[in-house]
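In the part that follows, the structures are each spelled out as structure tokens.
There are two complexes below, and they share subunit A, which is joined by subunit B in the first and by subunit C in the second.
Moving on to the complex of A and B:
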């Protein structure tokens, strides 16, 4: 296995083990998004058309985002509490790869959350969830998962330098839910919010997921959404790599990593 | 233990608990969290309501319903999350043994530390209600 992949896999495995050893994350990562979906399904109960799908896919998306954001924010906090942050930064492995493994693991838990929400909505609320194109549906979810993880990497780089990562984590949750139009079309948002919406990979991802779920034969718009999301994801990774390098250099130079 | 003594412990622990959080939280961030997060949460539910209105699946009353409910829900963050975290933060910061070793009576000490977050939660509700009023006014015009 190439060295980079080995580091990402090790961080991924470690995050999974931590997650299982400390199941309190179930509350923000699984129960909270489900509660929002429950509220949305209750609001959409009398609605006709594809509202159930909007609520359920939106809830799943929120779960994925919540997981990634928490993983980015708490990964660094957790290392500080355990007193292992210095070792992680001092290791010859690239910090970006370590955090990437953690972000992927937590986004994957978000995916599990999405599947759980789909099942509960289908069985408990009798929401019709016939997915028109299962293959493209799965593909668009997997790519959105990567995009969400890449966005989490950018936040994680900033979280290394602050003592308030937890506050950032909590504070960024709802703005992203709103701006990415997770549960409603972004056309409803004021026009000055649209540029922010279009720079978020999840905005294009959730649109692609909805299209794959509702259209058997997807149009060019689906591939356009996927293409733009991939470009944005690539840009996220580039920005994150640059920021991690800067942050790591600054931390080593100032020697204030643990105090931050 | 006299009433004035208990009151003094209550007030000093409340004041200290509130000030102590600024050891790890910058005041501008506290204000941002207070105003921006409340706004974003309100916006989320109001836009969900607007989605139903624009597609003809609900009347404009739904905005008042979700906005007021959401404003009240803002209380839960401070009153549940912050209060629960009081002893957890003490553990992480290594101050729990000192708090338990103090001769001060436990009841006013812990109630004081918790109550300040309840008042802080009331402030959050006030801010959320202001946003709710703006949203409702916007939909009733």
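Moving on to the complex of A and C:
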């Protein structure tokens, strides 16, 4: 296995071991999206069309983003609490790869939440959840997961230097839900929000997921959404790598890594 | 133990560490409304060399600059000025190469993933250090056996005693089979028995061919373990010699040692003001307090001692030859002439 993948996998594995050791961390990440889905489905149970699916996928996206953002901030805080940040930074591995492994593991937990929400909606609210194209549906979810993880990495680089990552994670949670179209279709948002929406990978991802769920035939629009999301995700990774490098140099110069 | 013996060829340099005029200045911001920036010189002009296979001690009180020096040499910090090579590699340019070849052991109970097992801790760090998968598990087993932790290898670290955690720290510091190991106060906070056990482990590591740079603020520990010792005070190295060589700094003095009860900080301060007193140390925390006064006058100052301590109870008063601990005290108090 290439060195970078091995580090990402090892960090992923360590995060999984901690999730299993402390399963109560999952609770807030399940409750918020579940409540959102419950409220949306209760309010609009008479609505026709694909609204039910929209609400359910939105709830799932909330779980995925909430977990990723939380983990991005928490990954650094966690290392500080454990007193392991210095030991991890002192290894020859890139901190970006370590945080990437953690970020992916947490986004994956969000995916578990999405499955739970789909089951609740289907069994509890009788929402018709027939997925028109299951393969593309699964593919678009997997790619959106990576995009969400990459967005989390950008925030994580800033969290390396801050003393209060959790304040930022709390503050950033809802804006991304709204702007990415997880809560409402972007068309309902004011036009000045649209530029922000279209720079978010998950915006394109959730659109692709909905298309795969509702349209049997693969359309150009689906692949356009996937392609743009991949481009944005690549840009996120590049920006995150640049920021991590800058942040690491700054922390080595100022001695702020562990004190922060 | 075969895996623990250093397998790497020695670096091109004939010294494990060469530091020249290393300086580190931190900018500190004070105040909330009126923010003022000040500069703190944590390390000033530090120069030292460490030979291969040597156990080198860096000794000084809290805040003297020991940890900052270690962080500079382990590439965790960038020096403000000065240069250093570690295993022949430049600490500013060859960051990844240095990190691959060195080990770091930090003291204390933190620094481990306590919710997972010792094996999972070591496996994680083996992956981060790029230890080949083919030898990773064998090395983890060997290290845990060497540290006497194999029987509990699968238990969560949170169930370990302090001593076991410290041994796991040592194992983690050796996971990449480093040529050079930095140990930052590895016995801090440990009770005497566990600290003794840790020192024994450190001695055994040197016997396997490792080079170790160890920081401590216990002079007796440096005396027991180290071939050479550098004493650091306020960021500067004030002496560098063998433990016996350091004693020359106190050959001009004798030590008046007072055991008693009721001695106060105020009285200790009065001793420090006396012109014939070179250094004073006091342990006033226990019922049996101990005060040590270094002076070239020897028994001539006994009457003065009794006068200052007239309100305290004196159990015993001795004139002694100075020890290495006294040399350290003189050097860190800055009264060596």
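In this section, the second predicted complex is superposed on the first by the 260 of 260 C-alpha atoms of A that agree within 3 Å, B and C clash if a C-alpha of one lies under 4 Å from a C-alpha of the other, contacts with A are read in each partner's own complex, and residues count from 1 in each chain.
As a working rule, a residue touches a chain if its C-beta (ideal position, glycine included) is under 8 Å from a C-beta of that chain, and two chains touch if they have at least 3 such contacts.
Everything quoted here is computed from the prediction, not taken from an experiment.
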Identify the partner contact of A:88: answer first if only subunit B is touched, second if only subunit C is, both if each is, neither if none is.
second
Just subunit B (first), just subunit C (second), both, or neither: which does A:21 touch?
second
Per the contact definition in the header, classify A:185: touching subunit B only (first), subunit C only (second), both, or neither.
first
Applying the document's definition of touch, where does A:40 land relative to subunit B and subunit C: first, second, both, or neither?
first
Residue by residue on subunit A, keep only those touching subunit B in one complex and subunit C in the other, then list them.
none
Under the touch definition given earlier, write down the residues of subunit A that touch subunit B in their complex.
39-40, 43-44, 46-49, 51, 54, 81, 163-164, 167-168, 170-171, 173-175, 177-178, 183-185, 188-189
Sort out for me which residues of subunit A touch subunit C in the complex.
1, 3, 6-7, 9-11, 13-14, 17-18, 21-22, 82-84, 86-93, 98, 249, 252-255, 257
With touch defined as at the start, can you tell me which subunit B residues reach subunit A in the complex?
24-26, 29-30, 32-33, 36-37, 40-41, 43-45, 47-52, 54-55, 57-58, 62, 66, 92
Can you name the residues of subunit C that touch subunit A in the complex?
24, 26-27, 68, 71, 74-78, 96-97, 99-100, 104, 106, 108, 110-116, 120, 123-125, 127-130, 133, 156, 172
